[in-house]
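Each of the two complexes below includes subunit A, the first together with subunit B, the second together with subunit C.
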Partner chain A sequence: MSMAKDIGSIEDDLLDEDDEDTQKNRYFTFQVGEEEYGLEIMHVIEVIGMQKITEVPDMPDFVKGVINLRGQVIPVMDVRTRFKMSPREYDDRTCIVVINIKDTAIGMVVDKVSDVIDIPEDQVDPPPKISRSAGSRFIKGMGKADDKVKILLDAGKLLYDEELEQVTSTID
Partner chain B sequence: MKLKNKILLSAASMLVVVSILSTVTVSFLIGRQNREASRDNLSRSFKIIRERIDSLQTKLAADTRQMASMEDMGAKIQLVTDGKKSGDTSLSENTYIEISNTLYNVAISSKLKRVRAYDLEGDLISFVLIKGQETQLGFPQYDTEKTTFRTATVKTGVKPEIGSWKNSETVAGIELKSKAAESIRDGANFEIIDGFLSLVGSAPSMAMEYSQKTNSLEPVKIGVIIADLRLDTEFVRQMSELTDTSINIFTNKGFSSGIIPEYDTLNLDRFPDTDPSWQLNLQALTFADMDVGKGSYFEGILPFYAQSRCIAAIAVLYSKNIARANTIQMVKVLSGISIFCILLILPMAYVFSNSLSRPILKVKEFAGKLEKGDLSEKLPTGKDEIGEMGAALNAVVDELNRKAGIAIAISNGDLQQSVNVSSTQDTLGKALETMILKMNDTIVNIQMAADQVDTGSSQISDSSQSLSQGATEQAASLEEITSSMTEIGSQTKTNAENASQANHLAATAKKDSIEGVEQMQAMAAAMNAISESSKEISKIIKTIDGIAFQTNLLALNAAVEAARAGKHGKGFAVVAQEVRNLASRSAKAAQETAQLIEGSVNKVDIGNQIAEKTGAALSKINNGITKVADLVGEIAAASSEQAQAISQVSLGLSQIDNVTQRNTANAEETSSAAEELSSQAAKVRSLLSLFRVNSDAIRSGTPKAVLQASPGKKKLPAASSESGWGQPTAETEQNDIEPTVPFIALDDEEYGKY
Partner chain C sequence: MSDMSNIIDENILSFITESREMIEEVEPHLIELSKTSSPGSSPDPETTNLIFRLFHSIKGTAGFLQFNEVVKVTHEAETLLDLIRSGKVEMDRRNTDVLCRTCDIVNSFLNQIESTGSDTGFEAEAKAIIGELSDCIHSKPGEKTKKKKASPPTPPKQPPPKETTAAEPTIEMGAEPSDALAQLLLTPEMLERFVEEAVEQLEVVEESMLKLQEEPDNQETIQEAFRSLHSFKGNCGFSGYADLEKLAHKTETLMDNLKEGHIKADASTIQTMLHMVDVFNQAIADISKGGPGSIQNSSVLLDLLEDIIPAQTTTKPAAPIVRPEIQQSEALFLLREKTELPVKEESSGQNKADIPETSANRSRSIARQDIRVNLAKLDQLINLVGELVIAEAMVTRNPDLKGYEFENFERSSTHLNKIVRDLQDITLSVRMIPVSGVFRKMIRLVHDLSVKAHKKVNLELLGEETEIDKTVSELIADPLVHLVRNAIDHGLESPQERLAQGKDETGEVILEAKHEGGEIWISIKDDGRGLDRQKILNKAIEKGLLKDDGSHLEDSQVYDFIFHPGFSTADKVTDVSGRGVGMDVVKRNIEKIKGHIDIRSQPGFGTVIALRIPLTLAIIDGMLVRVGKARYTVPLLSIRESIQVEKDKITITMDGQELVKVREELVPIIRLHELHHIETDRRELVGGLVVIVEYRGESAALLIDEIIGEQQAVIKGLSNYVGSVKGLSGCTILGDGEISLILDIGGLVKKAQSLAAA
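Let's turn to the complex of A and B:
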């Protein structure tokens, strides 16, 4: 695990300057419920099909457990639970999107994965200020693409710091 | 057996029976009288014996009482009792001797066998034993160590001397102690002593003693005197002589004494126990018959009781020999008288039977001649019963002669005879009368019948001709019917053929329908197979869909990687995009295919349902066809039966045709036969004219006219009867005159010949 992490960090260091522009404004999109969400591509490591989730006791309710991804144990978070939406039975279209938040790999269970698209900065509007509810704090902006609106998420805020710490510390 | 012998034998046997009966009756009566006389005799004997025993008993009681009281016996006993108590008997020895002497004197005079005296404690005081010519008397000498006796043995009747007293250790037949001397009653009772029935008398001895209560001398009991008297052989002999019987005495130990020593056992157990108040005079006697050795006796038994038990019995026997001799004598006398009677009566019976049997023999010979038909004989007549019988038999012969004359006249054809019937029982006379009447009647009737036959035969001729014509017409109609029946038969045959063809077709259809059902089942199986394959296909499509999804994921990952790769990854990103498009297209195609497959599965289900319904419909068709085939088969069977029946009808019709033809021929023959019949009737009439008929005897209403008219029509047949036309009649009177008169048979059986 630590070796894979090292390789990842070396790659990041090598590509940092050259690839910054190429990775900018590119979003990985997925569906939860009826809405489409977007996530900056730089946070996405890979997409995998649904795997067997090993439940871990004494975790926040949105953390379903851990999976074994090629020898690396990563926690899995249910986005529906995280967004306080009604839970849904996993099917063959349910996927786990493995993302990297502050050098921590974490899996996100989503209903369906969609695409990798470019959303220029001028097409991104700030999030609406109407709600101060818990859900809105993850939203970075509203991206417009092909007459549709993608809710762009702030990967960093998907977890509270303390919660994230708790999760990572549990894994470590 | 001859009459004479019967009379003789019956007389003799009657005499024998009477004599035997009288002898048996008389001997039985005498026997019974003897028996009753013997019983009376026995009862008398027992009365004497009882009186004798009674007197002995009374005398013994008196003697005992005398001994107890005479010569101051009480005082003497008191003296020796006191001496015994003081332990010194030597002082009272004289008193003992006195007591013994007193007892001895009385025993001698009263012929007692044994006398004893006891004190109140039951101790012996004195005894006397008389043993025929010798007598022993004595007393005990009580001592603290040993008690001895002092006895004197003397010749019976002689007084003992002082010097004859001696000491002795024991005395046979004497007990020192008597059981409860106080309980011995005053009087005389029966006991068995030394195997003899004995009378034992006892009496208390009293002494005067001072009583403080009354302050005077009062009598008290001081001792007991006991005396025995045996009913021994001498008693038996005396009683036997006195009663002229034989007497035996038995005790419970067996035979005691008696006149007939052969009779030595009598079981006393047969006499049941009685109550203590038994008295000899009230005891009933038992009678029986008895055979001892060669003698035969009537026996009477008198039992004796003591303490309620039977201890002895006296049997008195009276010989039967006298009674038997009397009976034999009587039988002898009666037999003699019977033989004398038989000898006297037999010759008389012989003479009487001869006078009866001779005339009866003559009558027998006369009856023998009558049997052979000889009516010329006469019997002698007389005034007794046999003579009267002869006259009566002569009258019988006369009457028979007269009737024979009438019979001869009838045999000559004269039916005008008159018969005098003797009485209502005269069977022969009445038969002759009836015969004449019936023959008259019959001959007149035959004449009338001959006329009617003549008329009838011409009618038969006419009707048989018309019958012949009718039969011809019938034959023509029959031919027409036959041709119609043939036509019907051919049509029916065609019907049957068609029906069997239809049956065949129905069977084929049935087979086809079964095949159809099978095909439907095969189709259903095939559709099921299609359904199964469709499911398999849908599984495959699911797999393809999964592959497309995975491909999509891979493409996405590739796009992520490409994005990461920056500007170097741009081309790669385009490829990834293309791959993603392909994946989504293949997913879409898979989905469409899945929908199509689902539709086909549904359609296969619908197809299955339709196939089932079709199968059911085919089964129904199958059933219907089976029924049709059955019905058509029945029609075919019925048609062929019909055809058969029609051919039988045709056969029947041809038979009817044959019969009709024969009928025609027969009718013609009948016509000619009727003519022949007419000529035979004329012949009958001529034969009947030979009889002289008594016209008064004719009973029918119109015979006269017929009789007169018949001779005119009379016509003898030209030729005699043909053989086989009929049989001669059974009537004898006609046979007598003309046995060949033909009889024309016209009944069914005979008619068949023509």
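Let's turn to the complex of A and C:
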């Protein structure tokens, strides 16, 4: 599989992923900063281009606001901000990956989408034990594919880690 | 469960309903035909054709669903009608009789199919009627041999009693006749809803019981289980499943004892409760498959429960003693009503035999007015239309077109735009349904309750056509049942009492729905005895909800106590009400849709309970305003006016709060851009535009950049992930696909105040 796939063909891949079995060990990969990250394919619904985001007050900084996805209002999270990386201007490669966790759809702004790849379980290492920041809590494992390392993310933690709860509780 | 079996169930259900409707339609026509056709003249071809078609439709559907007995019978009837139609056989008394009896047989089949899912069991009857039909087919015109099995001369009265007898083979319990009727009146949708709700309610009970096992003293858990069970009982009663209702009532009594601490939530009690839940679940499963939902050896279960319930409790005597006679009289009453009720439900509202033509025609036109659609599909449609609106904007305002002028393109795009808008309006209105569906459910309830409580009640429905969102209608159904129950059970006095007070013997209950200032008001009004302020206060003090005598409290504050869980001023608990659960359900459901409940009551003259439900679930009229790049929708109803701020009208307090003087009033200014931390075009107050908004007597002036215009906004939630944000009631999608946040003025004012306090 080539690395630089366009969104269309990745969407085709997504459409094929209906079957539970074929979803196993498949990862949707994208780039943020220098590294490649992977999300289990079962969570990913679709990839859309950058859209106008409507800001919502009183949100944590990584929740950029909401977008209109065909009549459905979904929140958008900036993965860079979530990882506490320095912000970067959105360009024409910036994409919103729409994922679904526990029946909630949410968009994630990533620098660039890469591919859909298979990483067998025996090629996944546990997250590093030593970490420099709290950001490592989103890591589910380190996947190895073609001499490269993809950081596999825990989508649930990405969305629902304690931080958001703290913020919402201060709003009420 | 496969989808296939669901589809078949659905098909059978609609087959049964449709066939019943058709038969009801056929009968008056048959009578009419026999009356109008004189010997020698051919019968009215149009009417004959109509009857022919109806039998034909039943045959067709029955064939598809493989109810072969039905097919055989209807086929013969069809053949006879064909001959009558072509004038080969005359429409005489005998033929009418036979055809009427054919209808009866088909009705029996339908009952049988409804309860067992198959049309077997009536082969003998079917054979007999087929024989008679073919006799008629082969007899010559004018030949009038009276059959020895001649039916009474008034066939229209005939079918209903026969229905009962026909249903008898499936009857297992004494109370079933009323069930059969109730189930007749139950549309498939209602049945579906009943089953859905029941499953949910039972789940809650089960969960609570399991939780109780861990922490036996958790009152909250008991309350929750109790509430669910109570609603379940109510639904059972309403849907006519008397067995279930009886058993649920008993279980509820047990739960009540649990709540009051008369018995302990030990392993065996919980086990019994769980067992009951299983029994209920089985019955519900049976019902969902079209079965009668009867419970085997329910009397054993009743006894079992009886044993556990301690004898000294006050709740016990009331139920079992009252029950049997009510059962009986109710069943009798319902039997008597049987002939009339189904006709009424058809909303022809008249005796069919008298004016067969009009009523039949009308019921036909009513039947064809709507179709059933899966709600998920509908939401999908709405979303697609939303997408279309955006796509349209993307095409017609495509940046590539900038600088060009295409006359034809402009014209076409205007056209397209108009169509898309219309389409959007229509699709959005589809979700709105008239409140009459919920209201109509009450007719039966009131009828049953008035029998049970031995009170005469006249129910009036006003504003049935008022449209409410489907979700709202689902959520108010339960509260309405409780409120109506309360109104009749507690509100209205007995006929004797009423007469003694110089009131009409018959009590009035008025259900009304109307739009009132951006809210939907659904009110239940009775002309009964009214709420007893002192009694409520006493009870509140007894329950420890009130420290003093409460004399300083406003009436409305006093009335609020009745929403407290477990609060009831009823002296005795009946199976209708008195346990103090109902109002708790009402409050919770109404709060779910951000509604308010207003109670007004005058001792001796009655009570009005108004559910004020905001339209915010559906559509609001809003004013679109711009602040920087953000566009907000301000509910039009909370806007008083908008003004340009002049320099001499501004006052700034020492803490920096800006006030603007509007006529004689000083209104605090809220700078939206500061509150929401966004960029704005205008920081200068003088010359700026403020919108004066008001919420419950509190005013505020919102500083904005520009007013864009008025528009209707469809309210959407801000995703679960975001949760509720203070000062926002949701968002809406604008015509160009962008999202506009809808301001919640009440919350906004409060938020500004709390920021000021901090």
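We take it that the second predicted complex is superposed on the first by the 141 of 172 C-alpha atoms of A that agree within 3 Å, B and C clash if a C-alpha of one lies under 4 Å from a C-alpha of the other, contacts with A are read in each partner's own complex, and residues count from 1 in each chain.
The working rule: a contact is a pair of C-beta atoms (placed from the backbone, for glycine too) under 8 Å apart; a residue touches a chain by one contact, two chains touch by 3 or more.
Predicted model, so just to flag it, every value in this text is computed and none were measured.
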Joint occupancy of subunit A by subunit B and subunit C, clash or fit: fit
Partner chain(s) touched by A:85 [first = subunit B, second = subunit C, both, neither]: neither
Touching partner for A:104 - first (subunit B), second (subunit C), both, neither: second
Contacts of A:142 with subunit B and subunit C, given as first, second, both or neither: neither
Partner chain(s) touched by A:49 [first = subunit B, second = subunit C, both, neither]: first
Which superposed partner A:58 touches (first subunit B, second subunit C, both, neither): second
Minimum C-alpha separation between subunit B and subunit C after superposing on chain A, in Å: 11
Overlap of the subunit B and subunit C footprints on subunit A, listed as residue numbers: none
Residue ranges of subunit B touching subunit A (in the complex, touch as defined): 546, 549-550, 552-553, 556-557, 559-560, 562-567, 569-570, 573, 580
Residue ranges of subunit A in contact with subunit C within the complex: 52, 54-59, 63, 66-68, 70-75, 104-106, 159, 168, 171-172
Subunit A contact footprint on subunit C (complex, rising order): 382-387, 390, 630, 675-678, 716-728, 731, 733, 737-741
Subunit A residues within the subunit B interface of the complex: 15, 18-19, 21-23, 26, 28, 41-42, 44-49, 92-93, 95, 113, 115-116
